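The structure under discussion is supplied below as structure tokens; questions concerning it will follow.
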Amino acid sequence: MALDSKVPGGPIKDKWTNYKDKINLVNPANKRHIDVIVVGTGLAGGSASATLAELGYNVKAFAYQDSPRRAHSIAAQGGINAAKNYQGDGDSTYRLFYDTVKGGDYRSREANVYRLAEVSANIIDQCVAQGVPFARDYGGLLDNRSFGGVLVSRTFYAKGQTGQQLLLGAYSAMNRQIARGKIEMFNRHEMLDVVVVDGKARGIIARNLVTGEIERHSAHAVVIASGGYGNVYFLSTNAMGSNATAAWKIHKKGAYFANPCYTQIHPTCIPRSGDYQSKLTLMSESLRNDGRIWVPKNMEDVIAIREGRKKPTDLSEDERDYYLERRYPAFGNLVPRDVASRAAKERCDAGYGVNATGEAVYLDFASAIERYGKEQAKIHNIQNPSKEKIIELGEKIVEAKYGNLFQMYEKIVDENPYKTPMMIYPATHYTMGGVWVDYNLMTTIPGCYCIGEANFSDHGANRLGASALMQGLADGYFVLPYTIGDYLSNDIRTGKIPTDSPEFEEAEKAVQDRIDFFINNKGSKSVDYFHKKLGKVMWDKVGMARNEKGLKEAMSEIKQIREEFWKEVKVPGIANEMNPELEKAGRVADFLELGELFAKDALMREESCGGHFREESVEESGEQKGEAKRNDKDFAFVAAWEYKGEPADAVLHKEELEFKDIELKQRSYK
Amino acid sequence: MNLTLKIWRQKDASSKGQMVDYKVTDISEHMSFLEMMDVLNEQLINAGEEPVAFDHDCREGICGMCSMYINGEAHGPDRGVTTCQLHMRMFKDGDTITIEPFRAAAFPVIKDLVVDRTAFERIQQAGGYISVNTSGNTQDANAIPISKHAADEAMDAATCIGCGACVATCKNSSAMLFVGAKVSQYALLPQGQVEAADRVRNMVEQMDLEGFGNCTNTGACEVECPKGISLENIARMNRELMKASI
Amino acid sequence: MPINLSITTFVHLKINLKIMGGFFKSSIGRKVAMALSAFFLMIFLLQHFIINLLSVFSAELFNGVSHFMGTNWLIQFVMQPVLIFAVVYHFIMGFVLELQNKKARGVAYAKNNGAANSTWMSRNMIYSGLVILAFLALHFADFWVHEINVKYINVQPEDPARYYHELVEKFVPIWRVAAYAVAFVLLGLHLAHGFTSAFQSVGATAGRKKALQQIGRAYSIIIPLGFIIIALYHHLNHH
């Protein structure tokens, strides 16, 4: 099947408007005869559920958590981008579009990104109307901060809990519709398969996680908003339950999976402390606004610090290597995430890591504290302030800006980041790859849509900070509710979809068989054993830097782990009860397939772009020596994989990317 | 360190539960409490026993899923943290740790340490929102300036993660801190004014229907709240309800 | 503006009354009512204390004020019933809420560390309240029953000088002074939480929490201690 992205014609500025003007609509009286299933209730799923219900569709929403409010969007800290230009610093829809395409290393679809930039301003209006308490300045107007990879201040935020506040906004909109009976909410339910009838997505099979009951749910369309697959690495900043099962199930039923190798490794996370580690904690990128990243210049100091003979504060300015400022003078500590992560890895691989595991660099606020302190002293008219006074004043400002992050760090690491630099290291954070969708956000299964992090569309090979929240809400509030109407307009006479068809029967049986297998398989190893093993292969060989040899090894090792898993996995308990190990087993089984496709995709893409770095593809000379080298001639396409039984047998379909409104250039942050 | 754990085990909602003793060894002080529970569960699985079911998800203190009553306190002895952010350095070698589910008649136990908090959902559905449709044509976000003070206070109320520690801690199992925080967030913002009276009445009515207890202002909720939600939010809710009733 | 007593006004009034009625059935309404009765009782306590204090300085003044209080129409037939209502409401609602609150827990904790997050006083209002109730029984038997008897049942002629003597006489037996002291210590503990709690219940703590806490602390120490000192004074000086 040839991939048709269905991007409307016309100039990029008018595409979305023209499209909206011409699509088919469903009249309000007919909407109430149409059911839509939404899987996942994060920013994308939550906002989509609420909006579809407001429009009049009957929505069935599913979340594996005990409340829609707990979806992992809640953990996003830093902010949300919007081209409002409230700061008057030259921002515009085009500039946000440009920054996103450039930040994504020219691997995203122009029309989608432009639309995203276009609706970004509406998101802020909508959220404020809902009562989202964004940060404001003393004049009462909305405040902005700046984020990595851009030269304007366009990020709106609510302390360090922007994702939480936006999700609670979407959740409140959902609650209003649940109360009206327009959303039926299924908490503690997990989708385990999609049901395709006559080539169209017509329902799902879900497991009630409290009773273990397998349920059939039908609808005229199915929307997958189940988030990313970062937990394929076992350790990531994702929630423990974040999983790829919904996305992987639709992939196995015909939805192409695009660019799995585009994974974002976030530069500022709290380093791993031991083998028992269950997850990694992100420290918002906003910290890089004021924090300076460094490692010692001299190896003797590194050793002294690791052995506890020296403290980081003992090192003078010339003994420190502020490597981002050194390598990228224009952007300094605010280079995009992929660049910052690789630079940290480069230093740590060279032996300059500052903790016991050798995998940590410093994020230092001393100069920010001093700068703010001096500023405050001036504001308060304090003549010749003492050093202590300056630090005291400066710490107050830093506390107001990042207090909750500093507190979180101190609780986890037991060190005071006001007094000693934080230690950070990159960790898997976000997956730009995902289910392939067209301009309508529909997958290659008719009637099956995919939104938010679960799809591949807007971030190309690397996502800029504060853009995930923007995309999730754009998809859910402003894009999908239009595009899905065009499809559903053909379903106004279909009537309720029956759940007693052979297709439902078959799908339910397959789900039941797999559960029975897990329960009855008297293996010897826990699910986590396999998940950790997979994670190690992924991190070592398909992590921040990849090469042909490693990727080939990874593919065969993952296959081996998968085979062992199906022989040796041990799931205690029974099927008809709350059984967290059984839930995990299903998710890990899917990760074990996805991981291999991930490596295969990385192996195919013989270029370095964004979050995907191939050691074979670096600039060999000139000013950019050592930097990632993209290959636009051969790889300016979306790799969409079709499932063929085994991940290794997946078939590649290419969606060529055309850049009409932006000139392809090497990203330079020097 | 080596520890003795006394954990509430209960097969399902209809079964009777009891406290069961377990031993764990070689626990690192850098582990989080839930990582210690992971160690216990791995040990139980390998011994052919059923692992302890507990709610958890983000493990960074924001989703509000984790909910353990540890040594007689919601989220354990540390302050300003959820169970997932509690670290084992708060305990000593040889300690006995009692772990129970959050208790309230309105939070029935589902299994072991997992409780059903959908009562909170129903309270939110009763009015925890501003009625505004998604349109893309709402007025510009900067059309109504909101004083920084009010916005910050609304934000402080809105940081509630809905974990239920306030209910678990309160000797009366009262949900007033949770409801007060939500009522406050909207009461402090101009957008919330139109529906303010109905909102507070409906949310309080639902709260009472769910069988939560009455507030006696002990202030325990504020102390144990992982997000430090202030008691002032309860006072504000009381005012709002009085205002709505006159 | 002319008053328009149309049907709609009436309907509005009815709706308002319905809402008001609903208010006092709600958990918050009840705690507001608890607070309002508490305010009344605290004011009552303050005036009671001031009058008692007079007995230390001047028997004559004390008799004069007591005579006024005992015979004034407003005090006797308006304030006294309100006081009785407030006392009865405060106690009955206190018990009703306590029972409801016990039920709201369901299964009790095996281990509960209340001391980690709240004061003993705040967690034991029901017990301090019970001791105060027991004391009130004694107090009623001692004074109030006697008063009602004298004034309304036997209808004895009023002797404006009887009050001081009746007061001092009660403080002769040491056991009564001891019971008095114990009850007032418990009252102090009840007030130590109750004072600010009442303000919090009516939503009046914003911005003055610290000040209220300090006033509450002073009130809950000075008033009960004062009562005890007055009792001791009369006990020691009755000869």
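Order of writing sets the labels: A, B and C. Residues in every chain begin at 1.
As a convention for this text, a residue touches a chain if its C-beta (ideal position, glycine included) is under 8 Å from a C-beta of that chain, and two chains touch if they have at least 3 such contacts.
As the structure is a computational prediction, the values presented were derived from the model and not from experiment.
Peer 1: Just list the two chains that share the greatest number of C-beta contact pairs.
Peer 2: Max contact pairs: A-B.
Peer 1: Measuring between mean CA coordinates, which chain is farthest from chain B?
Peer 2: Ranked by distance of C-alpha centres from chain B, the top chain is C.
Peer 1: Express in whole angstrom the distance between the two chain centres, defined as the mean CA positions of chain A and chain B.
Peer 2: Centre-to-centre distance between chain A and chain B: 26 Å.
Peer 1: How far is the middle of chain B from the middle of chain C, if each middle is the mean of its Cα atoms, in Å?
Peer 2: 36
Peer 1: Averaging only over C-alpha atoms, locate the centres of chain A and chain C and give their separation in whole Å.
Peer 2: Their C-alpha centroids are separated by 60 Å.
Peer 1: For chain C, what residues touch not just one other chain but two or more?
Peer 2: none
Peer 1: Touching two or more other chains, which residues of chain A qualify?
Peer 2: Residues of chain A touching two or more partner chains: there are none.
Peer 1: Under the definition above, what is the set of chain B residues touching chain C in their complex?
Peer 2: 6, 8, 19, 69, 71-73, 77, 98, 100, 103-106, 108-109, 169, 171-174, 176, 201, 204-205, 207-208, 211-220, 223-224, 231-232, 234-242, 244-246
Peer 1: Which residues of chain C touch chain B once you look at their complex with the stated criterion?
Peer 2: Answer in residue numbers: 16, 19-20, 22-23, 26-32, 97, 100-101, 103-114, 116-119, 122-123, 125, 193, 196-197, 200-206, 209.
Peer 1: Tell me, which parts of chain B touch chain A in their complex?
Peer 2: Contact set of chain B toward chain A: 11-12, 28, 30-32, 34-35, 38-39, 42, 44-46, 48-51, 53, 55-65, 78, 80-81, 85, 87, 89, 110-111, 114, 116-118, 120-121, 124-126, 128-136, 138-142, 145-148, 151-152, 154-155, 158-159, 161-162, 185-186, 189, 191-192.
Peer 1: Tell me, which parts of chain A touch chain B in their complex?
Peer 2: Where chain A meets chain B, its residues are 47, 50-51, 54, 65-67, 69-70, 72, 74-75, 84, 86, 119, 122, 124-131, 133-142, 158-159, 161, 164-165, 168, 171-173, 175-176, 178-179, 185, 187, 210, 237, 239-241, 273-274, 276-279, 281-282, 407-408, 411-412, 414, 477-478, 481, 526, 528, 570, 572-573, 577-578, 580-581.
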